[in-house]
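Chain naming follows the written order as A, B, C and D, and within any one chain the residues start at number 1.
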Amino acid sequence: MTAGAGRLRVGVVGLGRLGKRHAENLAYRVPGASLVAACSPVEEERAWAREALPAPRLYDDYAALLADREVDAVWLVTPSSLHAQQIVDALRAGKHVFCEKPLSLDLAECERVLAEAERYPHLVATIGFMRRFDPSYRDAFDKVQAGKIGRPFLVRSQTTDMNDTEGFFVRFAATSGGIFLDCTVHDIDVARWLLGRPRAKRVFAAGAVALHEGLREFDDVDNGVAICEFEDGKLAMFYASRTQAHGNDTHSEVIGTAGGLTIGRNPRANRVEIYDATGVRNECTPSFFDRFEEAFLYEARAFVEAVGGGAQAGATLGDALEATRIGVAMRESLVWGEAVDL
Amino acid sequence: MTAGAGRLRVGVVGLGRLGKRHAENLAYRVPGASLVAACSPVEEERAWAREALPAPRLYDDYAALLADREVDAVWLVTPSSLHAQQIVDALRAGKHVFCEKPLSLDLAECERVLAEAERYPHLVATIGFMRRFDPSYRDAFDKVQAGKIGRPFLVRSQTTDMNDTEGFFVRFAATSGGIFLDCTVHDIDVARWLLGRPRAKRVFAAGAVALHEGLREFDDVDNGVAICEFEDGKLAMFYASRTQAHGNDTHSEVIGTAGGLTIGRNPRANRVEIYDATGVRNECTPSFFDRFEEAFLYEARAFVEAVGGGAQAGATLGDALEATRIGVAMRESLVWGEAVDL
Amino acid sequence: MTAGAGRLRVGVVGLGRLGKRHAENLAYRVPGASLVAACSPVEEERAWAREALPAPRLYDDYAALLADREVDAVWLVTPSSLHAQQIVDALRAGKHVFCEKPLSLDLAECERVLAEAERYPHLVATIGFMRRFDPSYRDAFDKVQAGKIGRPFLVRSQTTDMNDTEGFFVRFAATSGGIFLDCTVHDIDVARWLLGRPRAKRVFAAGAVALHEGLREFDDVDNGVAICEFEDGKLAMFYASRTQAHGNDTHSEVIGTAGGLTIGRNPRANRVEIYDATGVRNECTPSFFDRFEEAFLYEARAFVEAVGGGAQAGATLGDALEATRIGVAMRESLVWGEAVDL
Amino acid sequence: MTAGAGRLRVGVVGLGRLGKRHAENLAYRVPGASLVAACSPVEEERAWAREALPAPRLYDDYAALLADREVDAVWLVTPSSLHAQQIVDALRAGKHVFCEKPLSLDLAECERVLAEAERYPHLVATIGFMRRFDPSYRDAFDKVQAGKIGRPFLVRSQTTDMNDTEGFFVRFAATSGGIFLDCTVHDIDVARWLLGRPRAKRVFAAGAVALHEGLREFDDVDNGVAICEFEDGKLAMFYASRTQAHGNDTHSEVIGTAGGLTIGRNPRANRVEIYDATGVRNECTPSFFDRFEEAFLYEARAFVEAVGGGAQAGATLGDALEATRIGVAMRESLVWGEAVDL
């Protein structure tokens, strides 16, 4: 760790809803980390930081934060279109980088970041695929590694959100990259992680507009399905939806030659079951925020440990590139109505 | 089997809702049985039998049915207060007897029937504790026998009905024997069956009137709880309710030194799960009729096999006596507010 | 109904494992039906029929059974390759026909049967997609029809069998049509049934050989995944497997704009849960025979009712043709590595 | 809050396994609290504190800690027999007090503490029944308060631990107060909390020694069951066990006139389900430590908020006295074999 007193000095960049959560975790709940700086162009967000965080230095300009010599690592929770350049700038400024997914929606940009990162092997750079840090996903990964299901050969995984009747994501459709690059990238990363990091060979995708007609003009859908074949013969199936009635239902399954594992197949909100005239039921996690609260925390802890010399626990830039590569191919397949070879 | 052509010739007595089900099972779904006669004092019920059954001889008088020499076995689905004498009469007429539970609410009467039955060892007489024939209860029993949970020492069991807003059972309270003799006898029999037929040593019972105030004048409750200690140190806990919102929730649990089994802990109506704005749910079995449809059928098949020389699979008269003995003690405990030693 | 005494006189053809089950259902558990004849070229099977069935006329030759004027309907449980011609012959002989799936693996043959059947509108001809008669599938269908999940637009469905270490299906691979035509046809039919009988527009399929290398020479796989796009914009995803460790896990899900339904997501063997040092668990249905025992019975009852003038409840020949058409396209997609337009 | 800089300055007393967890929570995860002191007579535990905590002042003597004017509140995680006097001493020293359960196993001592506490109404004193702070228990409580199950009238609750083959608790039996005072007090508190804090009227208890024969000499059991009747006619049933094979299975149920709630009925370790040759299963929480990790944290936060003027969220001394009163009566009932009136 480069920090004097043994603590990694972090500057968080971007203080939207998710940025706030990262900032609070880093400030109060990550041993070995000190949140020393925060950066946002939005005055309200800086005002929040002044109140809620332990007196970080506040910047409205990313370059200024990078110039802060008391910052060892930057934590990027910024719009996706900025990620690639901000990572490069951070590395050049000698900072470790954590960046929210995706690395970039553009493959060439992804490759440019990887090339740059190779020049700074002493710096940690990771992309925030937080599911790898959810305790249940982690338990499943460990069981797969331990051979509990034999040889894994198929992953089924889904990211489905509760329907947003306001359709925020429709307005966002022009820049989101579409449902596969926005949602399914998480599942792609989960699949590759559980299957041993295979490279994709071919994808096919299809979709439906169930509720949000406005997506059609962007060649996007509110429900998408996809199949991915990997070079080693393994397979993955994906489902993404923006229109669920019951909550954020993110679940995954890995199937092997001696059994299978599901992770989160019933998106229980907690341990309560209700029985009444409607039957026996449990409520569901309303959003990914609720579902992955712990994962965001453990992700931050793992990053700090990695900087301190621990194992790289999260997704590498290479993993992020492969997720984008597959997501882009799915988007093409959806638009063209054909399988896409990679 | 005493029947000429190898089939047991059965006469069903009582054609109420449950009697009709037994009659249909015996007529169409029990290999080795022929339903040759039916008896009911109610003309409408005999009319139903004329339509729905394969031409049985119809009687409005039990004595007349007993005089029918072409009847090998009687199947009593009559009011509880008639059971004891009808069993005795059937045995004296040389018929095998199946009788719905309970044997009798009166212990002396139970003993009188047992004494009489001892004089007819060649005749099968069994009481219809149908849970012993439910495939799931049977699977649990087999697993216990096979030592899968070590030594079983505790049973928890419940019979809870969906609330009947018409409160039929309130009008029935004067003669039902109360909630323990009416409902919990099933659980008592299950407990003794799973625990190896121990004799009871002490019981304690308590109750609440949740909705049906009319029960108070009969010293009865609409929700009852009880503990039973057995002579061999084993234990049972019971719950009975007439006021459930979700359905008939009959479930049991047997706990041993190496594990436990639950039977029916979620009273799923079927294999469908619904997810919508209320969460993830399943509907429930509305009544014991729905829950134990298979059990009534397998019970009849087992009786026919027992007459044919197979193992006695159901509850003996002795089991039924012990269930009544325990149920009566629970009722006393409820009224007196004290533990009752047996 | 054409039968004199009001009962449909049925002749069952084929007395293998599944044929025996159909025969017993028709003989003993289907009101309105009489099993009057049975046909098998295998002497052992006819011997079984002599013992187990109520004295049907026995034939070793299909033509002889068709010539039996006391037979109103034939029940075909014969090898798939015989189905098409046997149906045609039965219709020409004036018999109603129930035929196990598939109608045929060859599209031209399917169409020939449909053309022939149009000449006999007074005769019932149905293909045995029994899931439509499973009580849970039926409940889901009714809920969809009642609008409980809004507008359905996506079905996910799977047929997965417990691994057969003897690999019977490998020897069968040359004639089975491959995993999609052998297993997924059921899911295709379920999807179309739940989604309102749409026509397919495009399919994509992929597969893996997890355990049974011998399948490769037949261009077959032991695990297959597929996506089907329908003309009305609806979607289906399928999974088929021959290598599960836990049992026959046949389950389906239908997703609508206001919620979703799963059918059989946990393939519970019964209502027992076991808790011990391994956790809390339930055992699973070992085979489709155990899972769909009720469905086979209700299917037979529905056929008899349909002959008697009731609604056509099962899959029509047209449904069966469409299932084959989709299954054939999946097989092509698997072999070619491309999406296939229909 | 009495602390100068707005933070409650806490001294933790007792640094065993549970004390360590409390200390870490207070040191790092409770906004508004500072862990400024720790007390243990055990040098190893103080050494641990030196390493793991942010430089608290360390004491080996409780009186010395009480004399520390920079301590606003003491956090007692000491042997049960010391609780009562330590609470009194803390109050007299002007400190707020959090004390692990139980208040005392002796009723007279409980009452003495309550009398003393009445003299210090400005000081917060609470007993650590942490289940009230578990998110699922809290959700159930809120639903009951919101009338979701109508009027609650029955609680069933259990505390069952994985079997400790070393039988630590046997050696502990002489001072533990027995299974009801050691384990069931939690369930008693849950029952009263969910039912509106009724007073007990009568209890009955029974037990079995399933595995640990050494308990007999202490009139204790390794499995106990009990019924409690409350003055307002409500009921509770309890089960406690030291011999479970599957883990710590702490679960509760509250039943009302319009439905019921279960909390933790399947003690899932996480969101993973495993399917393999044994069926479909989930692993279980091994110990109360794993099950109630969050509850211990939220409990500490609530205490700090209560000192700061927030609502008293936890169990009062009066609640703790009533739990002891009921637990003592259960123990008497177990020994005497009679119901005990309170």
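One rule holds for everything that comes next: contacts are C-beta pairs under 8 Å (C-beta built on N, C-alpha and C of every residue); 3 or more make two chains touch, one makes a residue touch a chain.
In this text the structure is predicted, and so the values were computed from the model without any measurement.
Based on mean C-alpha positions, I'd like to know which chain lies farthest from subunit A.
Checked the centroid distances; the maximum from subunit A is B.
Comparing the two chain pairs, does B-D have more C-beta contacts than A-B, or is it the other way round?
Between A-B and B-D, the larger count of C-beta pairs in contact belongs to B-D.
Express in whole angstrom the distance between the two chain centres, defined as the mean CA positions of subunit B and subunit D.
42
Can you work out the whole-Å distance between the CA centroids of subunit A and subunit B?
57
Could you say which residues in subunit C touch two or more other chains, in rising order?
244-246, 258-260, 265, 268-269, 274-277
Under the touch definition given earlier, write down the residues of subunit B that touch subunit D in their complex.
150-151, 153-154, 156, 202, 204, 206-211, 223, 225-227, 229, 233-235, 237, 239, 241, 243-246, 255, 257-260, 265, 337-339, 341
Which of the residues in subunit C end up touching subunit B in this complex?
Touching subunit B from subunit C are residues 28-29, 31, 135-136, 139-140, 143, 148-149, 258-265, 268-277.
Show me the residue ranges of subunit B that touch subunit A in the complex, using the header's touch definition.
So the residues of subunit B in touch with subunit A come to 244-247, 249, 266-269, 274-284.
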